[in-house]
Structure formats: C-alpha cells, structure tokens
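Each in structure tokens, the structures are laid out below.
Next come two complexes built around subunit A: one with subunit B, the other with subunit C.
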Partner chain A sequence: MSFIPGQPVTAVVERVEIKKLFQGGNLILGFSIGGGIDQDPGQNPYSEDKSDKGIYVTRISPGGPADEAGLKMGDKIMQVNGWDMTMVTHDQARKKLTKKNESVVRLLVTRRSLEDAVKQSKGGYAQQ
Partner chain B sequence: MSHSQLDGAGDQAPLILENRFSTELHISEPGDDDECSQPPSTSGPQAEKSTPRKDVVDKPVAPRKVVLSTQSFAAKKVGIQQLIPKNLATSSRPKNRHHTTVVTFPVGLENAKSGTVAAQKQDVSRDDYDSDGDDFSFGRNRRNKSYRAAVTSLDVDAMVEQGAAATLKPVAESTAASPARSPRQKRTLGRKRNQNHGSFKDAPPRLYQDVRERGLHATNQDELLEDFVVVEHPEEDQGIVVKSYRPVQLTWSQLPQVKETGVLELVSPQERKRQEAIFEIITSEHSYLHSLGILVQHFRNSEALKRTMTSTEHHHLFSNISVIHQISKRFFDDLERRHCENAVIREISDIVQNHAAHHFEPYIVYCSNETFQQRTLQKLLTSNTAFKETLKKIEQSHECGGLPLISFLILPMQRVTRLPLLLDTICQKTPDKTAEYFAAVWALHAMSKLVNSCNDGARRMERTEQMYTIQKQMDFGKIKPFPLISSSRWLRKRGELAVSSEELSIWRAFSNRSYYLFLFNDVLIVTRKKSEESFVVMDYCTLQNMEVDFGEDAEGSTSPNAKNNSSHSFKLLMGQNSDGKAEQISLVAETRVERARWIVGLTEHKKTGTCTDGLPQYEATKAYMPKEPDELGLQQAELVIVMNKEEAWCYGERMRDGKRGWFPASCATEITNPTEMESNMQRMKRLRKETNV
Partner chain C sequence: MDTESTYSGYSYYSGRSRGSHRHGERSKDRHKSRSKDSRSEKSVTINTPPAEPLLGDSAVRGEQVQDDNWGETTTAVTGTSEHSLSQEDIVRITKDLEDSVGLDCRRYFTLTLAVILGLLVFLTPLAFLVLPHLLWFDRLQPCGTACEGLFISVAFKLLILLLAVWALFFRAPRASLPRVYVFRALLAVLVLLFVLSYWLFYGMRILDSQDENYQGIVQYAVSLVDALLFIHYLAIVLLELRQLQPCFSVCVTRSTDGETRHYNLGQLSIQRAALAVLQHYYCDFPVHNPALLSASKSRAAKHLAGLKVYNVDAPAEGPGNNAAAAAAGLAHSQSRAMIAAAARRRDTSHNELYYEEAEHERRVRKRRARLVVAVEEAFTHIKRMQEEEQKKAPGDVMDPREAAQAIFPSMARALQKYLRTTKQQHCHSMESIQQHLAFCITNNMTPKAFLESYLSPGPTLQYGRDHWLARQWTLVSEASVTSGLKDGTVFLLKCVDFSLVVTSKTIPYIQMSEEYIDPKSHKFVLRLQSETSV
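Right, the complex of A and B next:
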C-alpha cells in the first residue's frame, strides 16, 4: 500500500456499499475517519507507511450501517461514490461522505489482508 | 549550623521572589543585630567546652530562644520535610557570611560536627549544580501539593540561628571543612550578584535537560497559576513547612516589566495563561540554546576530543549540530525581539511558522543521522579508552553539569518533538475563531510536518541499515533463499528461544536446542546461531501463514517432562514454510515476559487499531531509550496508554503518535486523575484529528 508521489497507485480494493441511517436528525454512516493531506500522517496507527496521508477508518460504531456493510477499522478509503480520496484534505473527505442528498455511499476500500489474500490465491509463494 | 548550610544554596532563586519577601522579612533584621552586638567573649570560653552546643544558649540577654541545630525543629523533621534555602526566605545580602561558616569547637564534639558536616555535604551538592539533578522528584511533589506552600513558607528558625552565629564571627576558626566551603561560597556569591536586572536571561540559565515545561501539562498549569499570584504573610511560628524545593522557574507574571506596568490587572485570566504559554516557549528556547552552546563549545570544538577519534567518526557523532545551533539562535533572537517590543506579546505564530517552514531543515538531517550517531558513540565508548577519558573529563566540568554527552546529543530531537505540544497549549489558550487562533493552528501544522519529516528520515535510515546488515549475516544454505531487503520491511524483534524438550526425540537430541528468531513485520525467519554475526537459516514463514498457539493452562500441563514449563512455551504453526509444507515448532521462553513479547510481536499485525478508550494511561517519569526493536522510546512526561502488563514490563501505545511497544514498568506511573485522563484523550484526538460521519 505504499505510494510514490507521481506514480499511479495500484491497490486491491473491496467495494462497500453503505446505506445512510437517519438518526438523531442526521444521516449517519456509523464510522469515523482520520487522515488527510492536511493532517499529520505520523499519528496514523493503521498505515504501514507513516507518510501515507490517505483517509483511514478509525472507528466503527458497532451495529451501525458501516459495520453491517462490512467496513473494518483500519481500512483506507480510496474512493467515495467515484470521488478520489487519496489526495484530499480531511474536510473535503468529510464533505464527500456527508452529502445530504445522497442516501447511499459506495466506497472502494483497501486493506492489507486483501492484498495478501490475492497474492496467496495467485498460487505458491509470492515474491515480496 | 543550619544557616550556613542554607547560605549559598539559594542563589538559584530569582530576584523576583526576594523582592516579594523583602518587606515581610525585615522583622528578623533587628533581631539579628541585637545578637550581633553580644560580646564575643561569652562565646569564646564556651567554644572550648566540650559540649555539643554551638549556639550560645545561655546568653544573658537573649531576645529569642536559640535552638541548637542538632535539636532544631528542622533537624528533627527528618524525612518528611526539607530545609529551604535561606535565600528564599531572606532579603538581605549575606554580610560577611563566609566568616560565619563554621563553628569553632574542638574535635571532641562529634555530634554537632557530624550533623554539620552531613548537612553541609548535602548543601554543597546544591551549590555546585546550576539546576538540581533531583528536579524530577521535587517537581513531582510540587505538582501535587500547593504551590502556595512552596513559595510562602519561610525558614524562620534558620534566620534566628543566623543571628546567633553572627556572634561567633570574631572567634571563628576555620576547621577542616571551612576553607573548602568559603571558596565555594564566594563563587556562589559572585553568581548571585547579577540578579539585579529585569531580563529573564540573567538568572543562570538552566540546562535544558532539567527543564520540564509547564506547557506540557495543560491541566496543572491552571492551578499553578492561580496559586501563584497571591502571597500571604507568613506566621511567626510557622517553622519549616515547605515540602519541596525547586529553583523557581520564572513565569511571565513574575517579569518586572509586567509587574511594574500593572498589566496583570488589565489582561483577562485566559489571556494571561496564553502569555505564560508563549513566554514558556521563549524561556525554554533560551535554555535549549544554552545547552546547545555547551555541546558545540565544549564537546564539538574540543581539540582534545577531536584528537582521540577519526574525522569520519567526529562527523558522524556531531553531524551538523553547529548549524542547528545557528538556526536555533536565530529563532531565539526573533522571539526575543518580539518579547522586547512589548511584554504582552500578541503572537509568535508567524515567527514559528516562518522558521519551521523555511529554516529548520537541518533538523531533518540531524535526526536522520541519529542511528549513525548512536552507533558511533557506542563504538567509541566501548573500544576507545582515550576518547572515554577525555569525554569524562569534559563531562565533569562545571558547565556541563556532570551530564553525559548523549543527553546533549539528543537535545535537538527532544526539542523538536516538544515544540508541537507547546504550540498546542497556545492554541488551546487562544480564543477560538480569531486571527491569532488560525495563525497558531497553522504554526502548529508547520511544526508537526517538520517533526514527521524528521521521524521519517530517522526511521528510513535506521531500517535500511538494519536490513542490509542482517542480510549479510544470514546464510541460507540449502533452503530456498528469501529476498530480504525491501523498502517496506523492518525488523520487529529478534532473539533466542529454546526448543521445547517435548519435540526432541532421541535422534534429534544431537541437533541444536535453541533457535534464533528474526521477526520482521511480514515474515519470520528461524535460524540457528553460528556466531554473533552469522546465522544459518533453518526455516521461514510469512506471518500471514502463521498461527501462534499459546495454551493458557499453566498448571494443568499434560507433559510428563517436569522441565517443560508450559506457561513459558508457545507453538508456531506454519501453514507454509520455505518448502511449501506445513510445519510446527514448539518454543520455550525464559520468562513470562519474553513469551508475552514474542506472542504480541507475532500477532500484532492482526490487531492493529484496537480501541484504546478506557484503558489505563501512564505517564513516563523518566526517559527510556529503546534497546530492542519492539520497545517503545519514552521522553520525560510522555503519555502512554497501557494495554498489557507482564511482570516488570508494560505494553502500550504512545499517545503522541500511536506507536506501540514495550517499556519497563518502573519508568512510568499511572495517571489516576479522571479529568486529566479525559483531557489527555482530548489532546490526543486534537493532534490526531478524527471526524464522525
């Protein structure tokens, strides 16, 4: 999951579709995000590469829409409804997730275990 | 005599306090003079008597009851209270104090003498250090107890005795201890002389190693400041009540400019705290600059030291510290200029941002060099005796305060990681949504970015070095070679583990009984140690394909072999080893801690991001340098969330950046105050922004 600035990023992603839930007067998704190009990437406990400024899932409300859709803590969000999340500020990411006129968000998320699963299924021992 | 002990020791206290106390303490002056006028002859004959008395107890006209130092209030309060230096309690400059150092009794008076000497020794140590090496414990007390008590309690008894002792002046003969005392005292007197100016710079600057910024403890800061402003008149018979001593750090409210212009009444308490926070950055920078100066002047530029090592080693050891000294000086000059313009500083965020963004790059170079630096220093200390001796001599010199070179070398790292926290304190105290607030936030970001670059640089260098070294040491033999060097791989833990004796059957008894394991972030390599620097690979397996089995049934072990302590053992079940087959190894650790550490290391990759709310928080009481890859480095006053505790070790997450590792439990204490814990979590969240969607 490391990225080199200027080079295209390749990642194994999972599609997660989350339906927003109306609760307490707001439409919520049931998870928290951290990260962003304006944030401090060294503080991110989930990233392998401590200079990764992507948006990560830092907390999932148990039983919430995100939990049911299969989102996991530590996932890195690559796209939200087609909008790129790898090079956005924290606030921009929040905005893309909390649009009032959208009731469903389709995320592309990546996590370490996905990559490893693919490598394994390719058969034999993969070169690191 | 107690007064003489306390004489020189108090010179660290700044002038401000003395001014405060000047009015209150004049009461003792007439008392002193009275006793001075006593004829010396009465004390003469007394001195010859072999009684354990040193003060003139049976003076005909005694305005006050004089108490023996050995029987004094202070001496009896052993262990619960401490003497405070005279200087905190008196305003008068010591007149001819050096004459009144010691008593004149004949040698037979063991009691008084030993009491004196012992107390003197303690005081001498206070004299010789600019800042007390035991600051940590004293400072700890101070945080918990009322600051008011520390500041206002007076040593009334000591003053009384000073008066009494003054009568012995003409007869005072120097005993063995005295000549040693007076030169020291004279020197300290000299240092006291320049306390007449208003600038905070004139108090002898403390070494940054001993500075504990108040700004790092946001919760306590408020209480301390409240207590500080009001000083009450001490009662006559209060005796010695103060429970801790610490050279008082000058705060913004104590500045003469601030006090004289009456600004304190005009500013709101919130603003005052903000000014304190800003001022703290300035004073701590000053102290840091002073310590850096010592490093450059005494260590780096020392010809004697340079001669003991090669120029490459010298370069590795000191790197670009002189450049860092320059930029730090420029930073401090800008800050000081702003401070001189106006005592009430509007903001320093622009200065901070400018320097952090444009001038602090050398810090990245210095921090990246850290591994080389540490390694060079270790090598020199162990193999180069000339270096070691010269270094020791320099370290013992007065300016260096007896502190080791390593503590100076890590100063830039310490400073650069503390600055974001100090800036965060300013952000907290600045009213929200104002221009100053945004400026402060931007400055904080710029500084945080710098810190990260430093961390990255250091980490990258370290890992590359390590991988390369390990690769060289490994011999794959008949096993299929594994490409070890990769930019995304680093060593997590390494160590020797014994093979469980269950596994060893007769024909395997001849083979090795212990394996040396290398645990990386994604693969485990099992080797047999041939020598210190050479390992033969037995097997390896990626962590994804591995399971760890650690049965918790310590007591109900079914193994017939009594030696197999199953509470120290665990099994590695490899799904796919080097040959693509399944394999398992049973290992035994030496202690429970070892086992716990290995298990945590092996399963860590599965557990990233466990919820850390509600877990105990610990604060580091002393700094800890990590010795192994799975250990956590701690700075003084660093906060950690502890997730696991095993014997004398704790496993926790550093709040500053989420890094996890082990550290000795003796280095940290638990924070039990719930408000403090809550605000720590808040602060962590602020520095690690998280939004709910």
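Right, the complex of A and C next:
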C-alpha cells in the first residue's frame, strides 16, 4: 500500500456498498475513520508506511451496516462514491461520507490481505 | 474664653454640628478670597498653630446651635450677605499684611546674602592673583608661558563657573516656601567655609611670608577655581538630580468633590513635594466649581432637618466643669438619638436622587445637542476670504473680532442655556467667549474645537486670571516641612475654598529576573489523530 512519489498510485481494491441506517435521527454507516492530510500519520496503527496520510477505518460497530457490508478494521478507503480519499483532510472525508441526500455509499477499499492474495495468485501463475 | 482646649491642623473640621459649621465657614472663606485680590503671587505659608481661628469658630457656632457656653464666647456679626466683612476677617487681614511684610524682608535678606557670597566667590581668585603684584612687586619671580597658560585657564574656568551659577541659581522664583531650602543653605555654608579656609591659608603662608614663587601662587588660585567648579557639580547633584528618579507615588485628592490624581515624585522634602503637587494641580485638575456641590449639601441638611430633639429633663446647672461635662454628655446623647431616629425612618431620598440625576442627564444632553447644531450653523455663515478675492472685492470685509461679534448672537442663547444647565456660567464671561471665538476663527478651527472648552471643565489655568490669581496656599503637616517624604506621609494643602489631601507611598522594590528563549526552540506538531464516527 505504499506509493512511490511521482508515480500514479496503484492498489488492489475491493468494492464495498453500504446502505445507511436511520438511527437516532441520523443516517449512520456504523464505522469510524481516522487519518487525513491534516493529521499526524505517525499515529496510525494500521498503515504500513507511517507517512501515509490516507483515510483508514479505525473501528467497526458490530452488527452495523458497515459490518454487514464486509468492511474490515484497518481498511484504507480509496474512493467514496467516486470521490478520491487519498489526498483529503479528515473533515472533507467525513463530509463525503455523511451526505444527507445519499442513502448508499460505494467505497473502494484496500487492505494488505488483498495485495497478498493477488501476489500469491500471480506468483503461483508464474510458477506454473 | 474659648471652648477648644487643644488645636491641631486636622481637627479644624472635626466635631460640632457639621451642617451649620460648614455653611458659616464657607461664607467666611468667600469673604477672605475677595479681600486677597491685591496679592499678585502664589505663596505657600505654613500654618503653625494659630490663635485667631478660635475666635471665628465659636462665633459661628454661637448663632446656630443652642450651646451652654454661648454667653462666654465673643459674639461677632457674621456676614450673611456677600459684601460684608466680619470682625475676624479684619483681624485676619491685618495679620496677613504683617506676614507679607515679613516675607518680603526675608526675601531681600536672602537675596543680599546670595549676592555677597557670589561676589566673594568670584573675586577671591582674582584677589589671589593681584595681591602679590600690588604688595611686593619687586621681589616676584617672573614666570613666562606657564603662568600665561594658567591665567587663561583661570579666566575660562571663571567664565564657565559664572555661566553655570547663572543657569542654576539665577532663575525667577516661582514660589516662596515656608521654611528655608535646606540644601541650598548647606551649600552656601560649605562654600563660605571653603573660601574662608583658602583665605586663611593664603594669609598665613603667602601674605605673611611674602612668597616669591608667583607660579605657585597662580597654581593655588587655579586649584581654588577647580574646587569651586566641583562644589557646583555637587550643587547640581543635590538640587536637581537627586529628585529626578521617582521613588514615591503621591495620591492627591480634592476635599470638596473627590477628584483624585496620582503622581510620581522623587526624594523631596515635604515643602518641595507640596510645590510640585501644586504645579501639577493647576495643569491637571478640572477647575473647582462650588455650584456643583450645593445639591449634596442640601441633601445632607435634609437628613437631619426633619428631626427635632426635645430635652425633657432640665440640664444640671452646676459650677465649672460639671456643667461642661453635662453639656458634653447631653450633646452626645442628642446626636446619638438623632442618628438612631434617622436610621429608623424610611428614607426615600435615594429615589429622588436617582430620578433627579436621570432627568438632569437628559436635560444636559438635549441642551448640548441644540448647542452643537447652533454652533455648526453659525460657523457656516462666515468664510475665510482668499488672497485673490481680497484684491477684487473689498466690500464687507471683517477682521476676526468683528466676524466673531457677527456670528455670536446666533449661538449665544444656546450656549448660555447649556452653561446654566451645567452650572458653568460663572466661569465664562461674554467677553471671554467672544475672544475665544475670534481665536478659533483665526486659526481655522472647527465648531467642535471651539466647543471643547465649554463642554467639559478644563484645568484651572485655562480660565481667566481672576480664577487662579491671588492664591494663598497653606501647608498643614504633622511632620516638619523640611523633612523628607516617607511612606505614609500625609499633609494638607489648604486654600480658601477647598483643601488638597496628599498621601504618599513608596514605589515597591522591583525584582526582575531574566529568562532566555532560544529562537530555534519554537517548534510545533500536528495534533493527535482524531477519529470520527460516520
């Protein structure tokens, strides 16, 4: 999940679709995010590269919409409904996720296990 | 024959029935101020315990309060109209005339002493140089260039000394203080002793033995002039430099309306501190306006006026101190009863005060608005004429005074009403207002600038000379007036209408320490990772 400066970012992503739940007068998704270009990247427990300022999923409330959709803790969110999440501030990310007139958010997330799975399958293919 | 046993400067206002005492005394003081118009300078005199006010004190009391001792005091007519003098005023005037004659004598005496000392100081080196030539000219050793060099140095040093003494001492005196100026007296004695000792030495060693070494004599004269210059340096340090560094903070309060200011003074004697305070008073304090105080006095009189004390038991008539003690006890119980009754009574005077003040405020603001509009309109009637126009149309051309007289009537009424509402009408005469208007027109001032001196009371010096001329100030102090200011010194400066209460406090010792900040130590980090639930 690291990036080389100057090169386009490449990652293996999984598409996750979460339906917002109306609870307590708000539409909630059921997870918490951390990170952003205005935050301290060294404090991120989930990132491999401690200079990565992307948006990460820090907590999933069990039984919530995100949990049911298959979002995992430690996922890095790359896109929300087509909006880029790799170079945004924390507040901008929050706003993109909590738009009141949208009932469904489609995320592109990436995690380490996806990369490993692709590498394994590629390596296996190469061996064959 | 008087009823007061001890007298000190502060108890002049204490005790007795306060309301009537104050009224009578104020009318008396107003007479005194009128009689002082001939004095043309400000002088400060010390009030050593005098005997004469006791006369006036008991006479005023006698007519207002039924007092057991009134048969024993002198009865004198106290003036109730503005233009009468009472007997104690006459006594006081004659005493003051005697005092003033004494003061002038003292001043001339000091002046002659100073002139004699100055002449002695300047002529001594010249005498030292000239006397050997006169007395034993033939036996003197001629000395060439060395002596001439020394002559030049003596001449220039004497010139410098002359200029320095003129700069330091020959200034017009601004005030006459009650006691002698201690440092100056000490310096004069020092100089006198110094010069006398030099003469003594000269007489014994040089004149008696008729020394032939002229160069030595010239060097002796040069050393005298050097030493005189150093004494002058000492004089500068003692008289001018020592009090420059502020040491004390004095708080000056006017007794009638409570105006307070704070000043920083250095190490001064009490009389010099009083002089400094008075000089600041004339520049900083707004002018004393007795018309503003009448409201509180009438309220104070009303508080006790509603109650009347009836004495049911006859006072014990006994000889001597028995009657005095009974009378004193009676007065005490009477005043205590009145205080208790006044406290119990439901007093609504605070209500009246509140509404009256609100009404007055509103009235003043309305009058002020009318005045500002009238003045602005009046100022638009005249226009400054330019140079070219002056040559073209010499028609209805006016100089500033005529222009002021032309526009004055349109604002006169509004101004008069405003001054009357704020009780300032006695401070400004029509003549002075017109003069001020002409002055403002000449200097291209705006109407707002013209009005500034009427909208709020200014310092005393701003008003006509009769307001601050002929002022006699009396310094009342428990400590000797030549002693220095200390922490907690209190003294009073009394004049005819009011008094200034001055208290002094030392400025605290300041302990300052340093802390060094490396400019590279200003570093910042981003805040901790924040987590938001969505």
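Definition applied: the second predicted complex is superposed on the first by the 123 of 128 C-alpha atoms of A that agree within 3 Å, B and C clash if a C-alpha of one lies under 4 Å from a C-alpha of the other, contacts with A are read in each partner's own complex, and residues count from 1 in each chain.
The criterion applied here is as follows: contacts are C-beta pairs under 8 Å (C-beta built on N, C-alpha and C of every residue); 3 or more make two chains touch, one makes a residue touch a chain.
Quantities reported herein were computed from a predicted structural model and do not represent experimental measurements.
Overlap between subunit B and subunit C is detected when the two structures are superposed via subunit A. Of the two partners subunit B and subunit C, it is B that touches the larger number of subunit A residues.
Using the contact criterion defined above for the overlaid structures, shared-chain residue A:46 touches subunit B, although it does not reach subunit C.
Shared-chain residue A:58: touches subunit B and subunit C both.
Of the two partner chains, both subunit B and subunit C are touched by A:97. In the superposed model, A:74 lies in contact with subunit B only, and not with subunit C.
Contacts of A:121 after superposition: neither subunit B nor subunit C is touched. Looking at the shared chain after the overlay, A:33 reaches both subunit B and subunit C. Clashing C-alpha atoms with subunit C appear in just one stretch of subunit B from the list 94-102, 328-336 or 652-660: 328-336. For the contact definition in use here, the residues of subunit A common to its subunit B contact set and its subunit C contact set are 28-29, 31-34, 38-40, 43-44, 58-59, 90, 94, 97-98.
Against subunit A, in their complex, subunit B makes its touches with residues 445, 448-449, 451-452, 455-456, 459, 483, 486-489, 521-523, 542, 544, 576, 580, 605, 608-609, 611, 653, 656-660, 687-693. Those residues of subunit A lying in contact with subunit C across their complex are 28-29, 31-35, 38-40, 43-44, 58-59, 61, 90, 94, 97-98.
Residues 525-534 of subunit C touch subunit A in their complex. Subunit A meets subunit B in the complex at residues 2, 28-29, 31-34, 36, 38-46, 48-51, 58-59, 73-74, 90, 94, 97-98, 112, 116, 120, 124-125, 127-128.
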